[in-house]
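Next come the structures, one after another.
Note that chain A is present in both complexes that follow, paired respectively with chain B and with chain C.
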Partner chain A sequence: MPGLELAPYQTPSGFTLPSIHSWSAFYTYQPNPRTLATQTQHWTQLLLTYARARRLFALSLADADLASAGKGAWAEVLHNPRLKPPSTSAHYTTLHACAVLLPASFFAPGQAGAESVILCWRTVGEWAGVLHDWALQTGQTSTILTLFEISNPPVPSELSDIPEPLLRRAVGVLQRSGKAQVIEGEGGGGVRIFA
Partner chain B sequence: MHRLGGAGIGGLQRQTQASQAYKPLSSAISRSQIDGLQQQLSTFREALTRFAKEHRNDIRRDPEFRQQFQRMCAAIGVDPLAGPRKGGWWAELIGYGDWTYELAIQIVEICVNTRDMNGGLIEIGEVLRIVRRLRSLSGENDSEAVSEEDIVRSVHTLSVLGAGYQVVTVGSRKMLRSVPQELDTDQAAVLEVAQEAGGQVNEAALVLRKKWTSERARTALDNMLMRDGLCWIDDQAEEGIVYWVPSVMLWADDGGTGGF
Partner chain C sequence: MGAAQSGPKITAQDRAVLDLKIQRDKVRQYQKRIEVVLDAEKRIAKEALAAGRKDRALIALRRRKYQEQLLVKTDQQLETLETLVSNVEFSLVQKDVMFGLQQGNSVLKEMHKEMSLEQVEKLMEDTADAVAYQREIDEMLMSSMTLEEEESVQQELRALEVEQLGLPAVPETVPVGQLPEVPTTVPEVPETAPVEESQPERRVALEA
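On to the complex of A and B.
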């Protein structure tokens, strides 16, 4: 089929997928290590960009399974119904390799099978900064906040829906620099942020 | 019997006198010849300088003009890219050497950046497209247009570096190889078949088109996949395992990934 050109595709929700997303080989695990590295890098970049655009914090194998049926938050990027055969979806191995190699991510602790990956499209240090700024701007310094209050604020903020493991790490960064105090208690405890 | 200058001592003296009189004359003649030549040379040089100055912009801008200019240089035995010793002065004059070297550097950058993706083989047309994008040129008619000829010539200037950059012809298209490894005939055949099918190739296609045994086809494909990194494997196609050669595929302007 000469003349076939791979082109970027804009999803109905407005996210532009790069043209490599329309290439079926992109979904197959590449046995050549150098090629695999390139492939992984492209997947990593795509996943992080998408996560950031959609404010998605985690990627799990369940997400990947859902996506292969064209469902779930990740369907647009992990599944390409425009390919033939249309059932093409991110190969488990590819996805897994990406997840493991994502330099800016970590496996969520304490979750069943540790199959979920927290995607840090902001680094933990950057999140700590966001948390500190938010506390300053909303006048909540020196008061004790629960982690739930931070991730579910009455007024939506940058920190809305932030997963607890990530938030804990961000608090840890503030604590080490003397900008926060962690109060242990029932139900996850709380944190006091200093100006 | 007539003797030169007459007989006797008087004759010999006359002969000496005559040859002494001829000497300044001959040196005067050769001096005037040299002067004439030098004058011609300087006129030629002036004319070239004037030409180069006048058409400097045309040479830099117009690929067609550049090619004609290149041909003219070849015809009169001047290499506009030669170093300072032979003719380099006028490469400097029009900035042509710098222009070509800059282009060469850009080509190297492109090759290095895309090597992981395409295994060190890239179509000249693709290089051209990336160069145009990097230079934000809109197309053929742009004032700083770059042509395929320019790419090929720039690649030739790289040959002295021994980095293995070379232009190879695969099927109907020119491709740039940026790793020192030679393409063997089987690889070239695979590339040709892939090129005709939009970048896609499999064992069956090679057996059918090239009358190869399936062992030969499998070995060639496996070498390209594992040893050279020239192709990607695809196990999701309906017809079984398919290999894709990114360097002969057509990519939209984002070059596949938005990055390059």
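On to the complex of A and C.
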């Protein structure tokens, strides 16, 4: 039983990787559909937890390639140099696909071919709530806000660095419930949030 | 998506504010870009110096200086833009306040219209009449009372006063008297007698 000697591993940045991360089979394609499903589920959970801890919003194939060289923001989680032999990058394409399969992510629109997904470690609805709360707490209701202003606020907030496609979706949720109004300007989008 | 638009209509002012803010964002982005270039030039200068190429390092530093000046200029522009944005937003707030004041004023006017001076005067006269009438009734009632009755009313009042003021204080501790002894035996009750008594009554009731 190879599973018995596995243990969680804490990375230098303070993120605790689950014990399954130290299992070589975790990095190879599993032909059994049920095993594959479980593996996919574990990977998705791990990736979302990691993204949440490090506030990472996007995952791309380039990240996977960088990680196999031990570089990039995703290096800790996508690559395990402690394994013998070290995990290869061969699985990352399938891994990428399995992240896409889940409702917790979506392709960044307008970037076809870029092979980048946006990870929703908060659902779009939750982001909409965060956005509304932020506008209420900072007293910015009923004023016009640019999308850039929301993702790059002068005072850092929960919404700092949120990618525009995700932000637009969150605004869309608010708009449908009558809590926001979208104004399209010439050089970018604007939104007005109601209390 | 367009059909779901709600809320107040988007006015030309809103668009102007949005455009201003977008301009401000662009200046901010430009500043970010310049900062990146500044770092890069410094690194290039260091590397050139390390490689022993002083002229290269000098050129890089000159370029850096130029970018720094640009940064200062954009800072001024950003300040102008932000002042403008906050001025516009403040004017919008002032406009809202004006609107509120206008509404309050018109409501107040309407209320005044409903409360004309003549009406108030008439109402006050009516009230005075009613008060006078009530006083008359009171006087009539008083005069219809005989002296004896008045006297008895006064007496009753005095009695009530005495009762209120002169009540003996309630003792704080209940005096423990000697209670009668509890009987230890059940007293003999004739059990059959009441049953016999009730029977004839029922029979009478049935016969009636």
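As a convention for this text, the second predicted complex is superposed on the first by the 182 of 195 C-alpha atoms of A that agree within 3 Å, B and C clash if a C-alpha of one lies under 4 Å from a C-alpha of the other, contacts with A are read in each partner's own complex, and residues count from 1 in each chain.
Following the convention adopted for this analysis, contacts are C-beta pairs under 8 Å (C-beta built on N, C-alpha and C of every residue); 3 or more make two chains touch, one makes a residue touch a chain.
None of these values were measured; they are calculated from a predicted model.
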Superposed on chain A, are chain B and chain C clashing or fitting side by side?
fit
In the overlay, answer first, second, both or neither for which of chain B and chain C A:Ala195 touches.
neither
Determine how wide the angle is at the CA centre of chain A between the CA centres of chain C and chain B, giving a multiple of 10 degrees.
100
Should A:Thr38 be classified as contacting the first partner (chain B), the second (chain C), both, or neither?
first
Of the two partner chains, chain B (first) and chain C (second), which one does A:Pro8 touch, if any: first, second, both, or neither?
first
Per the overlay, which chain contacts more chain A residues, chain B or chain C?
B
In the superposed arrangement, which partner chain does A:Val155 touch: chain B (first), chain C (second), both, or neither?
neither
Looking at the overlay, does A:Gln30 come into contact with chain B only (first), chain C only (second), both, or neither?
first
Quick check: superposed on A, how many Å separate the nearest Cα atoms of chain B and chain C?
40
Residues of chain C touching chain A in their complex?
1, 4-8, 10, 14-15, 17-19, 21-23, 25-26, 28-29, 89
Where on chain A is chain C touching in the complex?
143-146, 148-149, 152, 172, 175-176, 178, 181-183, 185-188, 190, 192, 194
Contact set on chain B toward chain A in their complex
116-117, 119, 196-200, 225-226, 229, 232-238, 242, 244, 249-252, 254-259
Which of the residues in chain A end up touching chain B in this complex?
1-8, 18-20, 23-28, 30-32, 34-35, 37-39, 42, 45, 83-85, 88
